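The letters A, B, C and D name the chains in turn, as written, and every chain counts its residues from 1.
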Amino acid sequence: MRALAAAGALALAGAHAPAFAQQSPYADYQRMAAESAPIELYEAGGEEAWKKPQGPKQVSLEKCDLGQGPGVVRGAYAGLPRYFADADRVMDLETRLLYCMETLQGRSREEATKRVFGNADQASEMELLSAYVAGQSHGMPMRPGVEHAKEKAAYQLGRELFYHRAGPWDFSCASCHGQEGLRIRMSELPVLSDPKHVRPLMATWPAYRVSTSQFKTLQWRMNDCYRQMRMPEPKFASELPVALITYLTVNAQGAVYRGPSIKR
Amino acid sequence: MAGPMKMRATSQGGVTEIRVLMAHPMETGQRKDASGKLVPMHFIQNVTVKLNGKTVVEGQISQAVSRNPVFSFRVKGGAKGDKVEVSWIDNQGETNKTEATVA
Amino acid sequence: MRMLLLLPFAVAAASCGTAPTGGPGRQAETPAEMQRLTALLQRDMHERGQAKMERIEQDDLQRLCNQYADKPPTEQAKRMEEAQLKAIRFPAGSLMGDWKSGEKIAQSGRGMTWSDKPGNSGGSCYNCHEISPKEEAHGTIGPSLKGFARVRGNGPEIQRYVYGKIYNAKAYNACSTMPRFGESHTLSEQQIKDLTALLLDPASPVNH
Amino acid sequence: MNVVRRLLLQGAGVLAAGLLAPLSALAAWNKEAFGAKNAADALRGIGASGATPSSEVVLEAPEIAENGAVVPIEITSQVPGTRSIAVVIDKNPFPLVAKFDFAEGALPFVKVNVKMGETSDVRAIAEANGKHYQATKNIKVTIGGCGG
């Protein structure tokens, strides 16, 4: 499909570039780093993982329903998180992929979540799949579910969690991401309740982190904020990270998805 | 551990832009692993770009090129359908190469 | 590799604007809501490294700040500040340590996370504050501390204030964003003294 | 995770270098220049001591980098007859980072991500007709994010 691309090289490179606030001292850096990020390597790995028969049933994920019907990958990421009737819960991409691994491939939750986050030497299957699936929504407006009662509840829960202070340092997400115009070190802090800040952000995750040369997912990012909040670690695919991701994505809705991109 | 490559070559206005990605750790020999042991130097040393079999760029690089290197090169001309090949050799003798057709 | 085919979507997206936007911002948590959130965190987290599950539990101060969205009634805030102040353990004698060690502690953003080994924490000070003019990469979440002693001097009273503020910022402002570095056992007595010196020692670059 | 392992291993077989077309003598890895520990020795190693500053060598790079592990730089030489472009980062432990030789057909242009240990001058050096031309830019490496 990608072979259809007829755009000029510059336009292609620009496709990964996030629109950062121009006042950031890092604006040039982030634009150039985004243009030269090795993201296609991860997307290609993810496509391979998507098509690989696995688990007791030895089937691939190609029949996985990401919300647009079984096997539809194009545009699926832009529609997440959303409510899934078969699971009777709101799911983000990673949670849904895990659901498909369990139900379609017959894999145990334990096996499928043994190594959800990889490292620089070896990306995880979840990271590669996230790169591939997200990349297939490139250029599409983000339309997470906002109608179903459970979608509304997830948003509400995410909002409450966002402001809830806890842990040895008394932090909430809003301690760093709640007020306009602040920096941590030299990095601008986006206000995650504000669409103007959160749109460019959510439009570019999942992402290649230049500081560690690793491709990282949104659930990893939620966990890393809790790590920095000096809290225990969220369980993968539990209601907690899904609610936060729902809150952030709904705040960002309407943004044109331009990822996967880069982060510091 | 070194791995796959991805490349695309796009012709526009008489210039072909070649963008190539290489999975490679580019270890400096100064990083310690989780157990505190130094990770040995492991980095690409030579990169060669060929257009229709003829060498057009030869690069020598050090361990200070970032992990998972991404290069862009430009060649004059290059019609749709022309073959571009990029190969590398690292300091441990590993090599890889990839080919693409100019689009 | 990216397709221009997708451009029409981009155009369509420019005219969006239904549905909830930023949300209503921070709301007070009722005691019942607070309990529900704590229970959810207990269910959906696991301990890792030094980050044990008891970190989820709220203390009185956190309850007050969550209940009033960081704006508790004056009387209650005052009582809370007094209680926090009373719990500060001020060492006897000088509160000024070594500003050079203080600078290192201020620079370090490590400590207390599940990926850090217990102990040996830094203060993450530059994450939020401008301190030494030599460090350009400082945050702006907290006020600038540049030239701190130039206007305030470095007498016993200001030493006590700085030590106390680092030990427990909430003793001076109940719902301050700043962590309680002594109270939470993040920093040792000596480390807090060293940071006090970083701000107050005439030889510290902060006061140049 | 077999997929991943295979992904990371595939095609990376350890081949004798001879299986690929041999590199020309010109481009054999310049051990001496790459081993140089200061900019002057690195420049000498590639025969570029005393390069002339030139506005015809264009070095595009961010003035300030959020992380030194990836610093994108782009170099174009407008000097007619440019045969090679080298990158030297003065304060890196080994300043010579790369040297690209261009044969007939290639444009004197390269884009690459480099590592920088600290704030430093970065030089782009183009060689044409036996002479060296240089562009220099100071790139500031800073600390972003919460650290740790």
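Points worth noting:
We take it that contacts are C-beta pairs under 8 Å (C-beta built on N, C-alpha and C of every residue); 3 or more make two chains touch, one makes a residue touch a chain.
All values reported here derive from a predicted model rather than from experimental measurement.
Across the two candidate interfaces, A-B and B-D, the one carrying more C-beta contacts is B-D. Each chain's centre was taken as the mean of its CA atoms, and the one lying most distant from chain D is C.
Taking the mean of each chain's C-alpha atoms, the chain closest to the overall C-alpha centroid is A. Each chain gets one centre point, the mean of its Cα atoms, and the points for chain A and chain C are 27 Å apart. Chain B and chain C, compared by their mean Cα positions, are separated by 45 Å. Distance between chain B and chain D, defined via averaged C-alpha coordinates, is recorded as 13 Å. Contacts with at least two other chains are made by residues 1, 113, 115, 126-127, 136-137 of chain C.
Of all residues in chain A, those that touch two or more other chains are 5-7, 12, 36, 40, 44-45, 121-122, 176, 184-186, 210, 213, 228.
Within chain B, contacts with two or more other chains are made by residues 1, 3-4, 8, 23, 66-67, 69-70, 72. Chain C meets chain D in the complex at residues 108-111, 113, 115-116, 122, 124, 126-127, 136-137. Those residues of chain A that touch chain D in the shared complex are 25-26, 28-30, 32-33, 35-36, 44-45, 48-49, 52, 54, 115, 118, 121-125, 128, 176, 184-187, 210-213, 228, 264. Interface residues of chain B, counted against chain A in their complex, comprise 1, 3-4, 6, 8, 10, 12, 17, 19, 21-23, 25, 66-70, 72, 103. Interface of chain A with chain C (complex): residues 1-2, 4-7, 11-12, 15, 40, 138-141, 146, 155, 157, 159-161, 163-171, 174-176, 178-179, 181-186, 189, 193-195, 226-228, 230-235, 238-241, 247, 250-251, 253-256. Of all residues in chain D, those touching chain B in their complex are 7-17, 19-21, 23-24, 26-30, 34, 69-71, 74, 89, 92-94, 96-107, 109-116.
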